[in-house]
């Protein structure tokens, strides 16, 4: 395009780490930003991240590790399903992201000398996880929130908090299709409005609520991503859902017990004798079965999440060895020094004490796996860039050149709809088939800062100025949403609680079914059964009825609308799981227990078919070229409890 | 960068200055004066250890009244600071709304009491100064103060003035006892909060320890206050007047040695001296 | 502790102060909610039940109650409410301790110091505006690579970390007798700012780069509605769900403001 567009405006949907990082990058580059968030941005789900953020530091390099190794562990952890150049770029940018966050004032834990301290995390053989107590996500997000507030005070960012994204506005068809704005609704006044912009960044996180009780926050419905999917954006690797091994089961959600609990030495065990109901403190060392340490001597309690989840699940569900006969195992920190625990894990131990009513300094915690992270998401692309290997960062990589992503390329993390981007958890780009602990914060911030520059360049030089877009396009989009809203509002009947058509009941059943059929262990027949149930629920949803027909702060409407989108996205997730007849990362199929690179070293792409209302599937080869595929077993030994046990050293 | 350190105001902001002066005025001169005043008044009791309560009290009063420019000192050192502290105090107190009904914690009660004692204390001070200093004896149950018959006139005032009915005695007695204790509480708690406000006590531990010191000081002052109160309430007016008359004549004799002590004795019933 | 098999169901009552919108009258409704012992039921799970069954105790068919929640693990600050007269996070209010017996009643009201949007959902914009008022950020030059930030000792980090845990829930303000509900946003600038932003002043002034705005922040603290409007009732620290030492922050900022003012007095800047 000819002249640079100085008045370009970008919409960021979502105010978590990825969204805020994007706002900061865009605002710094002088692009006007409208940030939309369903909650005040400071309350975004990113605050729940506890453990830390991965980045190689100088000590690791001197010990023979490097960014390359971080990349290798990420790819290996994700069972090689991730495209390799984005992972290369992310892991190599990690150190400078940490430095930047440090400059922004994040209170990273310190060594006695005043350096940033590191902890060990799952799936790693070297310490590369920076942390800020046990609330790292909160601390990182606040630092970015503060920077955005500064830009907001300067008038460079406008926040639309308590606004819900309803639909992307596009013009043109096929490859020419461009995103030129969004429709959003104020959740207080219920006003529906169109907002034009040269580009739209979706940074709306995961879809844990599809599984009912997960570790996610109440707004993590995946509704926004599902709307983009229905509008024609491709949804990739939907079947890759991470189940976190250690969560505290609760009535309203499952609260996360960070991997850092294991990183700081926490040990997972069950009584070696089935039905042993003694107080855990009374059970001697040699009558405890440390399942992960015995099955995976090399990584011990720090095997990746999918493996830990599966082992805990199998000990409870298959071997019936769960504590008190229930689906729970011990996560033990009670043998550790109290002060050290407080300093490094205070925040999360407090959560356990508050919500479980027992002090984890004294007694082992009772935990069970819960749905945690959405590796899949909106499909995005990038521009590869070949460059010479760096002897420091790519130590012992055995190659002369490497392939990363081109900084500032306009298509970086752009969906198949031009001008519509997806950053952070809501894209599929970095974690493959399972995510390593402490890589989520990294990928979110990396997208905002790195991929954000691509958006800057896109709106400046490639996007068509929205002044050229006819107003009628926006009016029609608003009209469309008014129509959908009205259709739901008209069903309202105060006091409505008929289970058949009650949205909360349908959501509950969807969550139960999806959790039972499509999480830790997936089998073809069970998933087919779940698909039948899901179709039933979709049918019931056609007759869904609200209990609130008002047009003021109608949360009933917002929830029911999201439920419709969740049911559609759930189908893509479930069908993707059925189709992938192999086991890879978090996707474990006992009926297909091995990884099948021949058939499935491919990205699943679900395309919403507006005619059938169902997904069509397409498979694309994973972009490799940096690391060769190898079996991912983390050195597993026998899965039987040994007869005599020695206390393992931590 | 658009923001930098030098956008700060060149002067100390008025709201801050007023707050700090308000705090300061409560300690010096008002708090300091309260300490001296209570010590002087308590001499009606502790004086008995030496020359006798009435004598010592009279001596103290004489000392004070011998201060040059007393009125100026009173106006600028006491009445204006008290007025300043009171007016701002009322304004500040009205900006708060106590919620002890929901949050009945110790510090919250102290916060509420600080305001209530401020209101009550000010009314008490007004009555006290108006009757005993300005001689507004038209106020109910009021009688004035006479520097020459310091103890007896004070005692009479506290006992309900010229009206010797039990009601007057009770009301004014209660007013004095509660008023004095309220002001002492106000000072002690004010000292505790001032240390936070000025930033002397930062840690919770420091605030707790300073709290003990303030409580101790408050209790000591309360002991003085109660001592003085009891001393004046139980003072035998007749006996006190005789003592004062004797003291007065001693002074007069000292000034005019020619006059015999017996002559002076005849003047005891006169309220005002020759001057 | 409750035993594993103890899942007896009991019915408790949730009494809710409702309001259909700004300027509309408040009214009370009571709902019966079945709760299982030992399963971690909390205020949120009860409200979720009511949303699915919006029928009052008296059999009145009504609308679901509006409320805000987010993380449900006390790190996002969304679900603040007045529960049994006292302000707190509702997610951490567990029914097994709050309503242990059949027929026990729990009272829910919206926060008192922020305007109600609907039912238990209040508008806390003022809280976030107050963070702008004290320039609660570290003024970094840019996002380009420039090495690490300033070093700090573990002790300094621990102090800052505690202050950084503030999730802007507003409990400290709601419990404060000096902090009042103000609907007119033009008056926020001179009204008492509350404990949380004062603590943020301390937090940012403790950071070496953050301290470049120290004078601005302290001038704001010395102005109308700043730190000296604190009345030391100290309810804030009792009701901070993150146990942030708010009263220490207030005293520390009081000291800094005193020194700043004296410096201003003598140097004029």
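Just so it is clear, A, B and C label the chains in written order, and each chain counts residues from 1 on its own.
As a convention for this text, contacts are C-beta pairs under 8 Å (C-beta built on N, C-alpha and C of every residue); 3 or more make two chains touch, one makes a residue touch a chain.
Please read all numbers here as calculations on a predicted model, not as lab measurements.
Chain centroids computed from C-alpha atoms place C closest to the centre of all protein C-alpha atoms shown.
Inter-chain contacts peak for the pair A-C. Per-chain Cα centroids separate chain B from chain C by 42 Å. If each chain is reduced to the centroid of its CA atoms, chain A and chain C end up 27 Å from each other. Chain A and chain B have centres, each the mean of its CA atoms, that are 68 Å apart.
The set of chain C residues touching two or more other chains comprises 135, 139.
Residues of chain A in contact with at least two other chains: none. Within the complex formed with chain C, the chain A residues making contact are 24-25, 28, 39-40, 42-45, 47-48, 96, 98-100, 102-105, 107-112, 114-116, 132-133, 135, 138-139, 142-143, 146-147, 149-150, 152-153, 188, 217-219, 249-253, 255-256, 324-326, 343, 347, 351, 354-358, 449, 493-497, 502, 504-505, 508, 547-548, 550, 552-553, 555-556, 559. By the touch rule above, chain C contacts chain B in their complex via residues 85-86, 135, 139, 141, 175, 177-178, 180, 192, 212-216, 218-219, 222-226, 228-235, 237-239, 245, 247-248, 250-259, 261, 264-265, 268-269. Chain C makes touch with chain A in their complex at residues 1, 4, 20-21, 36, 39-42, 44-45, 48, 51-55, 60-64, 66-78, 91-92, 94, 96-97, 117-118, 121, 123-124, 128, 131-132, 135-140, 142-143, 145-149, 151-154, 156-158, 160-161, 164-165, 167-168, 204, 207, 209-210. Contact residues on chain B toward chain C in their complex (touch as defined above): 1, 3-13, 15-17, 19-20, 92, 95-99, 102-103, 105, 107-108, 110-112, 114, 192-193, 196-204, 207.
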